[in-house]
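The structures come next, written out as structure tokens.
One chain, chain A, appears in both complexes that follow, with chain B as partner in the first and chain C in the second.
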Partner chain A sequence: MSEKSFDRRTLLVSAGLSTMAGISAAASGKSTGWVERLLKRRFVELSDARREEILTELEEACRVKYGRDDITVTDTPALDGVEFAYGLDLSRCVGCRRCVYSCVHENNQSRDPQIQWIRVLEMKKDHGIDFAESNVYYDPDEVPEPDSFYVPVACQQCRQPACTKVCPVKATWQEPDGIVVIDSDWCLGCRCCMSACPYGARHFNWTEPRIATEEINPDTHIFGNRLRPNGVVEKCTFCIHRTRKGRYPACVEICPVGARKFGNLLDEAGEMRYLMREKRVFVLKEELNTRPRFYYFYAT
Partner chain B sequence: MERPTGSDLVNSDQEKLLPGSSSLAILLIVFLSISMLILFSIVRGGVGHVAEGDGGRQAFGPAEISGVEFDGELLPGIEEATTGPDQGEFLVPPPPWSESGYFPCTECHADLDLNPEPRVLEEMHDDIELNHGPSDRWCLDCHNPDDRDVLRLINGRLITFDESYLLCGQCHGTIFRDWRQGIHGRRQGYWNGGKSYLLCAHCHDPHAPAFHAITPLPPPVRPQFLARTAQEEAQEAPHE
Partner chain C sequence: MIKDITSFTTGSARIAFKGGPTFYAWIGFLGIVCLWGLAAWWNQFQHGLITTNMRDQVSWAFYIGNFTFLVGVAAAAVMLVIPAYIYNWKPIKEIAIFGELLAVSAIVMSMLFVFVDVGRPDRVWQLMPIIGTPNLPSSLLGWDVMVLNGYLVLNLIIVVHLLYTGFHKRPYNRKFVVPLLLFSIPAAVGIHTVTAFVYAGTAARPFWNSAILAPRFLASAFCSGPAILLILFQILQRTTHIKIKDEAIWKIAELMAYAMFLNLFLFGAEIFREYYSNTHHLIHTQYLYSGVHGHDALVPYAWASLICSVAAFLLFLIPATRTHLVTLNLGCVLIFAGVYIEKGMALVIPGMTPDTLGEFYEYVPTLNEVRIGAGIFAIGFLVFTLLCKMAIPILRDPDSGKAA
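Right after this comes the complex of A and B.
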């Protein structure tokens, strides 16, 4: 008897909620995913049709907000049999920061207040790898300086990411191809993930991100470089909108010394497997057991 | 009225003493926290803490940077090499000097007598700085004396400038192997499809191959200078 009434109650509540949701969705039409948030259903759990609708709504919102009608928001899924990995040749990197600005250009980061996903640490050869002694604000006339080497750090796309574990609403997770993504619609802005990340790879939008309309990269992915709202965390996604279509990330292509390598870790003949076999490879903060997919190596 | 006993006196003294000590403790805590605050503001927050002339005072965006092509076009043919019949081919742009007007070399050299003596070049090619390996290196180590439009390997095989990597690979074998595997050098295109390689000479001047230092792009803005100024906020307020 009690079971039956419980069932009816659930039925009534959910029916009421969906009606309410349906009405408000039809009425407002602009608060993307609002219905799903109310019903606690996440973007990845939705039907293809509803996902398509949400993407269209996001594109429409960009059109209204930024006045550009060529912005596309996609949800390209992970490719089968692909696990991305990244290689960075410390013996080649000259610390020129081309990658930093290429990343900003590609991924629609806020220009002011400034957000940069890649930070290039200058370290002294005497000290070796020493985060406490490193300097990101170096500004000589020419790089590389003879007594320094440079360690660019962005998201390490860990296999055991601390950031996804601490998220109270599961707004960030690891995709099948290894990319750790954030759903900006679900992010509360509690910044727990930022304090959990040992690499400082996550960045917070303290204000409405500011980016000139003509500087927007219109090719966006819902979990990657889409235009973010105020109060959410963002991070490197290996240029998810490019790499899932086969392209190299933007930082790989801009690097003037070719220090940046990218590929599929599961491809035996690929460049990532070659460099892991042949070169001296290490990961940052190995002792934390985050097991990064971002490998630093010395090719010489 | 009964006189208070000795023990009562002690107790009342303690009762008097207690409030005094706790207020002292509170004062101490307040004093400590204020001094800590001052200390923190000196150590971290101060704009003046950043030395004059140090970078990171201003936020730069990609649009303010000149001389770097952020929207670089891929080489034509890469899309075809990804999906078309030539799948998996690597494309290489033409050798770097091909538009400088020197080529073909035989235009001049066909009529010149061969002088194999190392010497200082004065009439032509005086802009070439030769700083590559041993000091007795000379042009004809790599350039073919009989037909200057091609290069010559040590085994006598003649190659075009498009294949100059074979020449470099004679000495730089490990780098050559890395380059073929995609570990050395810059490439663009598709990680799972067509991509473009560069020739050694695109990045390294073959006559003086050491990599030159370059100007770094501006450093990130320091947290002290990150906040927008009140004026900027006020300007933006009407829009929101």
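Right after this comes the complex of A and C.
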């Protein structure tokens, strides 16, 4: 728990305390005095200037810890008029799990112990979609197997997320473009959100995450694929560091059968609107009223 | 005034730590268990929660189960306060303070269990209002932290006032204490209800998502908390000069029988709904009582809990066994064991097994988890023992006997 993240966040409760912090900072010649460390505030509450400093500190911490100086940490905000949504064609998915590993690499998930944001469930054709009968550890010589079909599940980016409302410290929330994010510098690790999520989309760092230095993806976002500390929860963010810059999520790009679709729900001429007009879509566990932005469909 | 406070502090400390060889052996034993647990916690702090057997599939387990059970024990202090102060029933009134002492100790333990469960103990201050960012009103864990702290403060004020006035051989201030005691009754119901809502509000977990979870929590709490007190009262009867009437003990046992009846009835109602409607949601109950696909780690515990509860109910219902020393104490032990399993592991683990995507991960606690749990119980018993030691001489003194 000797994380560098202790001294990443700062801000001040009151004028008096900020003076103390100022003195402390001035005395130590650094921006992260002990008073500031004690009185850090949530990233989203900070001034632009202070955010910049924190991003630089995070990059510096990565450099020290992993010995790489090309790691960037950004806080690219949501774009106006954008609401991301996802489509997944179950009739195409062959269960190859390329999306799983592409996601692991893209989003700097821990390799040991292994964390996977996408879980591909093998379902039996004579049961239909039935989680109780599904198997995530299928391992035949070749997929797809004739009696099975495959349902990949990751964060459904719900419109009414069950996870964010249970968080006791406001460490997770929904962004204007619909992406549900976590502030890893604020997460308490109480795992209420993991109890609340109906899709098993949230994963916990049960120990210090381990990634080989050369496997790190240096293009990171503070609420997405940045290198996470021990003891906090993490999840899929639709590749926030890519999609907010107009790129596809890694899982969409890697899918060898084109089962994965992604786009802006507010763009009438866009891919997602086309999909929803032309196909019949459904969501998982609709009875829970989470209203996912992740749509499944059978194209054929 | 300041002299009074100093003499109270030093005097109480002297009373608390003075005792015979049995007392020191007990304290020494608790101290060793504390250290044993602390070493285990240090190991967890160094390596993270991977030292537990919790994983993404079963992300709450032993710690949160113990937390839930202990909130119930804390709430049960009201079991003694209700008859003592509302119905002015003298035999219980003298000993109701021990219920408050137990509440304080149980709250300390339950908060420690939350502390060891979080991934980032360095960030728990964020739960506090003003300095932190509590997500109120929407987060039930946020509310739970508020009400548990409030309940702890409330009970501490009552206890310290009673001990302080008793120490100085002054009568306690009725106008100050009685309203607080009365307020502690809804507060106790409140802490256990909010704790139940943490689970019951989780639509993703059908095993918990039940309207009668809070009533079940309360019913079982009114059994487990007094069970500890009944045993304590008998120790006090024999080792001190405190006069605890047998009829007070029998009355509490009778009330426990009613509470256990309610608990078993609500349990039966839940079981009926699950098995008769036979939906997908039944799988969690099946995992608990019969096992599914060969996953059956909890089955013996679930049945043991049910058998203990039914047996204790019968022992406390029948006047002859309720008033007999051996069967009374057997009943207390059975109730404690039955509720400990029911409100602990048998509540938390089946809620998460299978997980939301249907995966079975069979959880069994690691030795490290059990050691941390034992350490927390040792701290709780230590607090309770020392508080009781302070209270005993005050209650013994006939002049200040009305202090409680």
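Annotations for the structure displayed:
Keep this in mind: the second predicted complex is superposed on the first by the 264 of 300 C-alpha atoms of A that agree within 3 Å, B and C clash if a C-alpha of one lies under 4 Å from a C-alpha of the other, contacts with A are read in each partner's own complex, and residues count from 1 in each chain.
Assume a residue touches a chain if its C-beta (ideal position, glycine included) is under 8 Å from a C-beta of that chain, and two chains touch if they have at least 3 such contacts.
Bear in mind the structure is a predicted one, so any value in this text is a computation, not a measurement.
For the composite obtained by superposing both complexes on chain A, the positions of chain B and chain C are in clash.
Once chain A of one complex is fitted onto chain A of the other, the partner contacts of A:P256 are limited to chain B, with no touch recorded for chain C. In the superposed model, A:P176 lies in contact with neither chain B nor chain C. Residue contacts after overlaying the shared chain place A:A196 against chain C, while chain B stays out of touching range. Of the two partner chains, both chain B and chain C are touched by A:T207. By the touch criterion stated above, A:P77 is placed in contact with neither chain B nor chain C. Using the contact criterion defined above for the overlaid structures, shared-chain residue A:E133 touches chain C, although it does not reach chain B.
Of 330-338, 348-356 or 384-392, the segment of chain C whose C-alpha atoms clash with chain B in the superposed model is 330-338. In the superposition on chain A, the residues of chain A touched by chain B in one structure and by chain C in the other are 113, 119, 136, 207-208. Those residues of chain A that touch chain C in the complex are listed here as 1, 6, 13, 39, 42, 113, 119, 121, 130-134, 136, 153, 162, 165-171, 186-192, 194-200, 202-208, 230-233, 288. Of all residues in chain B, those touching chain A in their complex are 54-56, 59-63, 65, 68, 70-72, 82, 178, 181-193, 195, 198, 203, 211, 213-222, 226-228, 240. In the complex of the two chains, the chain C residues touching chain A come out as 45-50, 52, 54-57, 59-60, 114, 117-124, 126-127, 130-135, 138-142, 145, 198, 201-205, 280, 283, 351-352, 354-359.
For chain A in complex with chain B, the residues that touch the partner chain are 87, 89, 94-98, 100-102, 104-106, 111-114, 116, 119, 136-144, 207-208, 212, 215, 243, 246-248, 250, 252-258, 261-264, 271, 274-275, 278-279, 299.
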